[in-house]
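Below, each structure is written out as structure tokens.
What follows is chain A paired twice: with chain B in the first complex and chain C in the second.
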Partner chain A sequence: MSDQELKEPNQFSRREFITGVGGMGIGAIFAGSLARMLLLPDDVLAIPASSGYLLVDTKKCAGCTSCMLACSMTHHGQSNLSLSRIQVTQDPFGKFPDDIGIAQCRQCPYPSCVEACPTGAMHADEKTGVRTVDVSKCIGCERCVNACPFTPGRALWNFEEKHAQKCDLCLNTPHWNHEGGPEGVRACESVCPMHAISFTTQIPVQSDEGYNVDLRTGTPWTQIKFDGAVGATGVAGSGLKK
Partner chain B sequence: MGNGYTGKILKVDLTTRKIEEIPTKKYESWGGGHGMGSAIFWDLCKDKTVKGTDPGNVVTIMTSPLSGTLAPSVSGRTEVQGIGLQGYPTAWFTRSNFGGRFSTQLKQAGWDGIALLGKANAPVWLNIVNGTVTFEDATPLWGLDTRETQEEIWANVGDGGEDGSWSEVGGARDAGRTTQRAAVLTIGPNAEKYGPLAALIHDAGNGAGQGGFGGVFASKNLKAISVIGTGGVDIANPQAMMEARLWAQKYAYAGHADNPNTYVGMQGMSAPPGNAIRMYSDGVKSRPQSCVGCLRSCRGRTHTGSGNESSCIDFHWFTPQDKQAHGGIITENTAAATDLIQRYGMNASTFMAITLWFQDLIAMGIIGPGKEIDSNLPFSAFGTVDFARALIKSIAENKDIGADLAQGLPQAAKKWGRYEKDTQSGILPIQEWGYAHHYDARTEVEWGLASVLGDRDINGHDFDFALYWTPTLCAMQGKEPDVSAERAAEIFAKKLVPFNDPMMIDYSDEGIYSDGIVKATAWLVYYGRFWKNSILYCDWAWADFINPYGPDFEGMTPDGEPKFLNAATGGNLTFEQGMNIGRKIWNLDRAIWVLQGRHRDQEVFTGYTYDQPSMGGQTSFELPYTLPVYEDEKWSFKSVAGRKLDRKKFEDVKTMFFKFEGWDPTTGWPTRSSLHGLGLDDVADELEQAGKLGNAS
Partner chain C sequence: MERQLLFSTSAWLVWLAPFAGIFAAGLTRRREPVIEGDRVLRHDVAARVEHWTHGIGTAVLLVSGITLGLRFTPSLLRDSDAAITWMNVHFVAVISFLFGTFYYAANTLLSWHRFGEHLPTKHAFSFTVQHYGRLLGFKFEMPPEAKYFESEKMAYVMALGASALVVVTGLLKVSAHVATVPAWIMGPATWTHDIATVLMLAFFLAHVFFAAIAPMAWPVLPSMFHGYVSAEHAEEEHAGWYAQLTGKPTSVTPISDDKADAA
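Let's turn to the complex of A and B:
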């Protein structure tokens, strides 16, 4: 389901507002005291902003899927790519940088998943604003799953436990005795060997560019010839010159 | 709460097209991977003397309790075993393994491994979707290359797909969903035509190259295995696994890519930037790329898509030619040739030996149109992808000299009347069992001894990275290694459980014929058989002896290996107990080789090992050998280049090794006593029945 399909002619759709198509920066709008209550274009009250957001650098990602294994293990006690709330998709034959996509929940300022939920199971955590699921209220309708405007959807159906779920920034990790959430430590971020996942308390700009960031600048990354640096064949010490 | 195993192994009879489940529990004492594979092979292969192409050959494809978990640099590997096609003069029961994500998908589909029996009556590919296994018609795929085959299967199985959207697996809401592509293991086009050179390929650059398992698959009319799963790997202690993983992060090369230190060593090859610097031509943009769960990220994917996921020998077989033809630099020809060999599904290691040999044969005027070895391959284009394509195609299509090479490199050399003389001079770089020279038995003697007493090039870099590469590179750069020889001996002695003898790393002229080298070889094969090939710790990350990010340069071995395993299984296996299982597996493998006809008299290297001084040139990467030696009661790093092996002394070392194992020193066969001590009485019975049980006296 694309944003374009939902757009009303000559109107500023809610979904467009949410996803920031066209570079609209909802972060700028939400920053500061306006964040608590805001009347959106179709008369729906905004809910409290999340107090944290995952950022990723897809150019830095090595595709090891450790983030997915850690997410599912800490939340469900099993390493299961299908139950991970962060998804890394890749094409082994693809061309860098389009060979990898990282799909992390954006903790949308205006969350379609929350709005779609008929029971309040999908909600914003009262203390942190993190969008998460109260599984005791989930009736399995999957409206939240279908409402997420992104591909792949960030709200997912837990086919084993029979409820919806999504990234809670590790607020509730029954299998990892560690403080999570915006003020704690996130499993995916902790295990990423390339440091390709980061965290911010500032609302990112609501576009891909807001969530897919450069975590390489300021590191020797370029010097070690990744991402655009010129390859250096036969460099000193390579030991490969015959 | 689980124990890392899914609980069942898939038994596939290709002849009858029947599927059965083998309870994993029956084989859990072997750990996983190689140990389970050898034990299953022992049980299911009725006649262990058959050829690799015989339908009676049994092939196992195994995971471990750590596959698909957060355990670092282990999770993505898969072990393959069976009677191979490559070994010469005997194609031994052998092994290979590969990285990527096949093992993870297999575990997620609910299987700890696969045992392949029989032969299909028509081309098939195996379609595993969680617990459902179907035989699909592979006739349309048979002539396709490895990439084409995978893309056809991906289109067929309807997995996560190109847009990364969620896909229902099995068609029901609660069967599970995935965004991932099926993991496919396949052979190249018409691989039966070049069996000894044929590999198994998965994704763009993961290959089980050694052994000729691509040819074994082809002989079974099996084109590919595809697997997609939505289940989980249930482990005993997620908390301990997470803690162990975060502990290991401190040692991670990849994790320090943002702040690397200046340690000189092979981390530049087996961790970022690795291949990105070394193997791509100027101007190529890339990312690091990992197998599942890895902390090393030793491969890359490029903005051209060329060279994706390949590493080391995948490139090295072509780099000398490329450099020679292009002013000493690596050009785009290397990655293009690498892609060709991956797409044709051929063993790059053998190609390194072929092309290094051809370089000399060309220079000597022996190969070419109308020459002693008559060939119309475009030798004037040597060093370009055009030559690579012509060579590979000639083998794939059995044309020109490719028709002979397709039967195996030593076989071709024999046919051309050059095997003896060229392995005597060393221009044909084959040191044992028909496999391409890798590291040199004259210098890294434990590598050679383990290979010649085994089934193939041992490919165990445990000692190699820290004790050869680092001091050798430092010597070339005029630097003192960060870890002195004396400190290295101290660290290794501490970590070489259960022997803990510093003399195991004495590579002096005396040391290589001593009790120390016997123990070093035993350590290498026990560790390899269990921790590396059964639990599936990756050779490029483990064993971790010296680590620039560890306290006082000490790596994670021997603490790390059981730490992760026990978190998964809930057991309390010690490192030493794992080594004992490794010894048991090594003895079982030995028994299979003995049944195949092994005798100590066969366990010799080709002539150049004894009669020519060691030097660079037998591989594309060898450098003058600097290794630790203990001389005049002190440790130092010293060049041992130029050394030959003494035949008699080496035979004496073999005798010492056989006695160390409790084997019959006159034959090299295990004895009833040695097998009984390992709980292998049934193996002793079968050897006795075959008249091949060693004499205890």
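Let's turn to the complex of A and C:
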């Protein structure tokens, strides 16, 4: 059937209709691109701040890795230190206080991992702002792992389930019967026997010192029978002699 | 400088390609098959553009898609730089594939009878067995072949279904680069994309074998480049189609659903 036969008076022919659809689509895309270019400033990346941050005191940390085990257990149901989203590093040749480091995600205000993710898998949680991974969207390109400016990286590769992962402040802990996240409790913070991990809702100063704080001040040394420490009132060694 | 993913920076091209294909079809004037001396026009320029943009796009999509899919065991990608490179290769192939596919779809809407030429008859399977049985020396009586063999028509339906699945799920995956697509959509879309890829791979390998590697395809293969087959070949291999072009009655009617019922 020819175009002429298809064409009713005052109506488009099939060819005219198809050409029009194609032309309008092309026009709409160019117009949209132009509007976006003119109306939106360059390099705008609006990501809400996280509503919580982990703080650590490496001088208090004993390197027991309880936090790592707790992280792995609560998130994955496995006692696998390599699956932990918080990493304790120890330097056997280092001297106190540089012999232990705690690599916790800083929930950066300008998260490179989120910006680098091509699929939106690494994102800021809508409700809490916590930077976390939507596993179903992760394509395994590891751009987030490379994008994290810290060493060791806080965006990690889950080598068992083959996707990126990072600290979500325990928002999603399927193997833990507690409410996690900024408004709940964090497994690493809960289990640390040295109380070397803490939590704040205030954005820390963006430096190493901003996240590595003094959690010792105010420690009830006398109650824990640790004589001789700063703030202790007893006589050094008296606890042992008694 | 950090390398960019074209799916993120130039996603608009992915949306442009289908409309460019539709628009181009609107401007295209097709030529119907015609006998010109000792040769027959089998594929006009539009058919060849459709075929090669879709076909080359498909080939590169399969290679890059499988490379990206085999990320882990075995791993074909060394690191994230390699992943970005192959994602960008995939992107370029997507543009070609989408243009070719939508150019074909719009052209088909404009000349609907071409779609009918590709659809298998009710007896597609038995005629396919007979067709290849005859090549092996068995004696079968069957109607003269039309422009496309029944086996090609069955493969066409499979390719059509696989292409539709790849396009729909692929566009959803591209959308995830520029907008928030819910995980309950992305999960099934990813799996469907993978399954459609396997179907497409099966079709592609069979198509390349029967249309280019097998010696019986060699006489007709050049027509995919210059458009023509020899009249002798058309009369011998596609007698039903040739008879339609000449307008002369044949001793045996060509294959169509109605005629196949009678056969």
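Definition applied: the second predicted complex is superposed on the first by the 174 of 242 C-alpha atoms of A that agree within 3 Å, B and C clash if a C-alpha of one lies under 4 Å from a C-alpha of the other, contacts with A are read in each partner's own complex, and residues count from 1 in each chain.
Note that a contact is a pair of C-beta atoms (placed from the backbone, for glycine too) under 8 Å apart; a residue touches a chain by one contact, two chains touch by 3 or more.
Everything numeric here is computed off the predicted structure, so don't read it as measured data.
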item	value
First, second, both or neither for A:P92, with chain B first and chain C second	first
Which of chain B and chain C A:K162 touches, first, second, both or neither	both
First, second, both or neither for A:T119, with chain B first and chain C second	second
Touching partner for A:R143 - first (chain B), second (chain C), both, neither	second
Which superposed partner A:K127 touches (first chain B, second chain C, both, neither)	neither
Touched partner set for A:G101, first chain B, second chain C, both or neither	first
Overlap of chain C and chain B interfaces on chain A (superposed complexes)	162
Of chain A, residues touching chain C in the complex	1, 14-16, 18-26, 29, 32-33, 116, 118-120, 134, 136-137, 139-143, 145-146, 162
Contact footprint of chain B on chain A as seen in their complex	59-66, 69-70, 72-74, 76-83, 87, 89-97, 99-101, 103, 151-153, 156-157, 159-160, 162, 175-178, 187, 190-191, 193-195, 219-221, 224-242
Residue ranges of chain B in contact with chain A within the complex	1-2, 68-70, 72, 75, 101, 104, 108, 147, 150-151, 160, 162-166, 169, 173-181, 203-205, 230-235, 238-239, 241-242, 245-246, 249, 252, 254-255, 257-260, 264, 268, 272-273, 276-278, 280-297, 300-305, 308-309, 316, 319-320, 323, 328-330, 469, 472-473, 476-477, 616-617, 620-621, 623
Parts of chain C lying in touch with chain A, wherever the complex brings them together	2, 5, 7-8, 12, 15-16, 18-27, 68, 71-72, 79-80, 83-84, 87, 106, 109-110, 112, 176-177, 179-181, 183, 186-187, 190
